[in-house]
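Some structures are shown below for you to check.
Two complexes follow with chain A in common, the first pairing it with chain B and the second with chain C.
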Partner chain A sequence: MAQFVQTLALGLLIGGVYALMASGLTLIFGVMRVINVAQGAFLVLSAFVTWWVWRATGIDPIALAALTTPLMFGLGWAFYRLVGARLRSAPPSMSVLLMFGVALLIEGLLNVTAGNRFRSATPGYFDESYTLGPISLPKAPLYGFLAALAVLAVFYAVLDHTWTGRAIRAWAQNPSGAALVGVSAVPTATLAFALGTASAGMGGSVLSVLVPFFPASHYEWIARILGIIVLGGLGSLPGALTGALILGLAESLTSVYVSPQWSILVFYGVIMAVLIVRPQGLFGTRVREDVAA
Partner chain B sequence: MKWVVGVVAAALAVYPVLGIGTEYHLTVAVLCLLLAVQAVSWNILSGYAGYVSLGHSAFLGIGAYLGGIAAERLDINPLLAAPLGGVLAAGVAVAIGAVVLRSRGAAFVIVTIALLLTMQVLATNLPQLTHGNQGLAMPLPPWSRDTGNLPFYYLFLALLALTLAFSAWIRTRKLGSGLIAIREDEGKAAAIGIPTTRYKVTAYASGAFFTGVAGGIYGYFLSYISPTTMFAVLASVMVVLAALLGGRGSLYGPVVGAFVVAIGSEAATVYGGGSSSRLLLFGALLTGVVLFLPQGLLPGAAAWWRARHPRTVEYTDQEGALGRLPPVRASLASGSQAELLRISGVSKRFGGLVAVDGADLVVRRGTITGLIGPNGSGKTTLFNLVTGTLRADAGEITFEGRHIDRMPPWERCHLGLGRTFQTTRLFHGMSVLENVVAPLPDGRWRTAVRGGVTGAEARRARELLDFMGLGRFAAEPAGSLSYGQQKLVELAQILMLDTRLILLDEPAGGINPALVEHLKGVIRQLADQGVTFLLVEHNIPLVLDLCDPVVVFSQGRTIAEGPPGKIRDDPAVLEAYLGDPKAERKVERPC
Partner chain C sequence: MLTLDGVVAGYGGGDVLHEVSLSCPPATVTCLIGPNGAGKSTVLRVISGLLNPRRGEVLLDGVLLSGLSPRDILRHGIVQVPQSQALFPKMTVAENVLMGGYLLRKDRALLRARRAAVEELVPLVRERASEPAGNLSGGQRRMVEIGRCLMLEPKVVMMDEPSLGLDPHSLAAVAALIERIHRSGATVLLVEQNVRVGLGLATHGVVMEGGRIRLTGKAAEIAAHPDIGQLYLGAPTTGGQ
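Coming up: the complex of A and B.
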């Protein structure tokens, strides 16, 4: 029983971190109408930056999110301004391929600069735990969870309660309609894309402490967060939260009660099953396809 | 073009026996051919129909592992098992495709990646079968060491020739033009009778088959297979890159791209110092091609050539067209029932908006039924429900007494239901003639493998185009036509089929008055021959002149029905269109 509760607690903690990563991906989907397959590479890039600064200066890796988040925000901003905006009229498959190319470039650059080895940031507390009765809460995932929660709260406050956030959501739903009522297209889309990559910045810093990573880890990470937003419904923010918690739990349970090597299959299995049975996911809506000609 | 292909094929055939190059060069050539087989087979679905797969090497790995496991367990030579690997790969493609390819959008590309990664995990985690990360060793080839990779070279060359021949064959069949139609406008393709799901699955499975066979040979060639080499994401990227660079959707583009990418990859490994430089090369190439050369090398060159050597085309042959009589379809089956189409209690909502609200409508055989109503009253949605673009939430629709509400659009089309669209939807990349012969009369396999533009069919298409005054445009891309001309081509498309009920969505919008008169004549003449029409139009004089009965739609349901004379004076109709006249008078009085 204690083991079960322990597994649930760990699953929830990791689910919170996933929620942050998945929110960024689903936001970018809302804006670009394509899966940003480079999101995993952005995560790993941020993890490497965190690891590198941590090793050089000894600053706490999770606190380094204060550095990586604006950094990735800037990177996303510049990227969308220079490249992404050019693709708005191209078919979605071309945008997917472009982002795939970006992911390969990042992986290649990390290979050259950091080497093809597993890394992990190990601050003093990385193997310590808080004990709560029979269960123990490891400190690193707990801090990561709290940090992710704080950023998520800010993220949602911006989207829900500011004019900019409403502009982003309006633009995601109907770009030409939003343009007609005064939402300027490119800056809004750029902002949404940059917010998406910023969440990868934050997520990457947390990731650097939680799991060992190497340049090619981005495939596994994009599969994880893709599974989450597919389950929740592409483009849906509440879906991303729910999907993250469900899959965080499912992953922990599988890795404890089945075997850690099968746990990643949970995500692939969910992706295939959901897209086959209910393509709009839990919270997604089907939009009418017949009018758009 | 033909002689270029011949020279290249001859050069490839004699290359190994000329004694130029070393054993290493031959190995690189084998890898080029392998990539070319994969790129050409990827192109059958992803190029022709536009559904990009990012996990194509899953099929290579499936073929290789089947060969390896068969060799170890059953002691079968991997080359004999290779066709079986192809069959297994095609089976997996059918199982996955049959469900995912039903829908459009982003789902397919995600599932292809997930499939590849799943296969990798399975190959790693099922060591009883695959030896997991240790990998599987293949038996050594029976031929002597001196022969080296020569047999593999010729095996791959033969497989490439087969794959290319198949791809070329499919392109000239109805199946191939159907796939192109799906890429251009899938909804329209379904509306003119193309069974889109089955075509896509067929294309996916045939591509998987050739890649699966290649996988069996490749595993034997490597003599050792492991999960990370066989189910590599990077290998899939090379396939996509090769097809994209050479020109996806073109026949030989993927082959050209494969040679460039495979040689580039080898050079990057040798001179660039390992796998990081390959990643950088592929990443840069992929982003570069998408941004700067999205159509690829061969189609890009062809477009450049066409721009340098333009052909001149004359204008619409309007006078000629107005003098012609419509070509008649020889047999128009006349059924017994007076009611051709019956819509009863049909509803459709989009979120909170009820677009069609318990609508009832009957279209009687031989009539030209007009459907009018204010914008947003649900006319087009009703059309979409009848033709199957949308599924109704409630109610039933019968056509000649048969329930059609659960049928996909193409089956309804095969029953004799044709439609045009409010905004024209032609396949812009195809020629006008190809557009007109695109509709499919039935869903049989025999029809799918019939030639794309064949004798009798092409003759009839030309007749119809002449009749529309567009005969001179037959070879032009449909996208270069004006809006009005496109409307006429769309009508010609519908007339290709043995259609019993034609749904016209605003046929007169954007057409000049002389042609509208012409169109009226066409509709009347076809009606005399037994074709029934249901017509949505805002041009009220046209409707009142042409249609009987006229049905008036408002807020998702019928509010009046009757002969045009009665509808003209119906107060309910006037109110729906012009607002309540009494209310207006009340406002006017105090002034």
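Coming up: the complex of A and C.
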């Protein structure tokens, strides 16, 4: 029983971190209707920045999220303003191609500067745990989860209680309706994109401690977080949160009770099973094509 | 006075509006009528800045509006209730109405006062405040859409097919609301396929065909015009054949 509870706890911890990574991607999709296939590359870029600064200064890698989050926010802001906004009226496939190119560029730059080797930040608490009775909670995933929770809480508070958040939600739900009340397209999309890349900044710092990474590991991460937002329903933040927790639990339970080798298969198996029953995802809505805006 | 002068506009390579000129005097209700494809909705899109005219001018009280962004046109006091669903379905009714005051967001006191005024005019906004707008019926959504645009206390309110898809009860409520907006001193520009309803609400009428103005005048004169009666109101031809 203790092992089961511990497995559930670990699943929730990792699910919380996945939720942070997926929230940014689903936010960008919600506003821009484009899958940012470079989100995994932004995540890995942030993990490398964290690793470099941690190695040079010894500052705690998770605390370095205070650096990588605004850094990636600024990068996302500048990128969308200078490049992304130019493709606003182009077909979505052009934006996907652009972002794929960005992902390849980041991967190439990281290969040149850091080499094609696995890296991992290993702070002092890396292999330490808290013990609560029969349950042992590893410190690194716990700190990562708490950091992700804090950022997600800020994320949701901004979206729910500020004019900026209302403008982003309004644009995501009805762009022409938003334009009619005075919400401007480019600033709103820029902010949504920057918030999305900021979440990758935070996620990358956490990732640097939890999982070894290398430049090309962005393929694995974009597949994983894309799977989460498809499971939750594209564009839905509650969906991303729920999907991430479900997949975190499924992965953790499979690793412990079946085999770690099966966990990734179960991850995608759960997605396929849900999509067979609900093609629109857990929180997605089906829209008739003849009335869709 | 809202004025269009020689407006040419369209989508892609083709023109939909050909040298359209019309005027809406202050504090009047003008109804644009015409068959499908006449360019009525395009006129509203040009005025609200969603479509830039290729030639010609849009003026409000002598101030040039053409070329401005939809946001700047809102600031000049021109709002639009479009034909298709304009609400944010997952936001509450209260949030939807609040978004109507997006341009006033830094003035909380003014926002509160405007919201209270809208709730007075459209009680549904207060009664269903906490419900997602997507849960409302078609008529209720239309009332909230109109209420939302009143948050800016506009000079000109444009409505595209306000009667579309409404049952008689909802239609009567929307008509009464339009009448109250008119009495408050705003200029109203309606686009209506339901000519009897549109001209019944209006003080002035404009008939469009093929992207051109065919006829303008007082609403009663338009309704009594033999061609209009024959084409749009189902009246017998004057020739008696």
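In this text, the second predicted complex is superposed on the first by the 278 of 293 C-alpha atoms of A that agree within 3 Å, B and C clash if a C-alpha of one lies under 4 Å from a C-alpha of the other, contacts with A are read in each partner's own complex, and residues count from 1 in each chain.
FYI, contacts are C-beta pairs under 8 Å (C-beta built on N, C-alpha and C of every residue); 3 or more make two chains touch, one makes a residue touch a chain.
Just so it is clear, the structure is predicted and the values come from calculations on it, not from any experiment.
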For A:90 in the superposed arrangement: first (chain B), second (chain C), both or neither? first
The answer to whether chain B or chain C touches more of chain A is B
Does the superposition put A:257 against chain B (first), chain C (second), both, or neither? neither
Which partner chains sit in contact with A:4 here, chain B, chain C, both or neither? Use first/second/both/neither. neither
Once the shared chain is lined up, is A:130 touching chain B (first), chain C (second), both, or neither of them? neither
Scan A:166 for contacts with chain B and chain C and give back first, second, both or neither. second
Shared chain A surface residues [contacts with chain B and with chain C]: 293
Within the complex, which stretch of chain A touches chain B? 33-35, 37, 83, 86-87, 90-98, 100-109, 111-112, 116, 219, 223, 226, 230, 234, 261-262, 264-265, 268-269, 271-272, 275-276, 279, 285, 288-291, 293
Residue ranges of chain A touching chain C (in the complex, touch as defined): 163, 166-167, 169-170, 173-174, 176-184, 293
Would you pull the chain B residues touching chain A in the complex into a rising list? 50-52, 54, 96, 99-100, 103-107, 109-111, 113-115, 117-118, 121, 124-125, 187, 233-234, 237, 240, 244, 275-280, 282-288, 290-291, 294, 350-351, 380-381, 384, 389-390, 421-423, 425
Chain C residues within the chain A interface of the complex: 48, 50, 69-71, 74-75, 79-80, 82, 84-91, 95, 98-100, 102-103, 105, 148-149
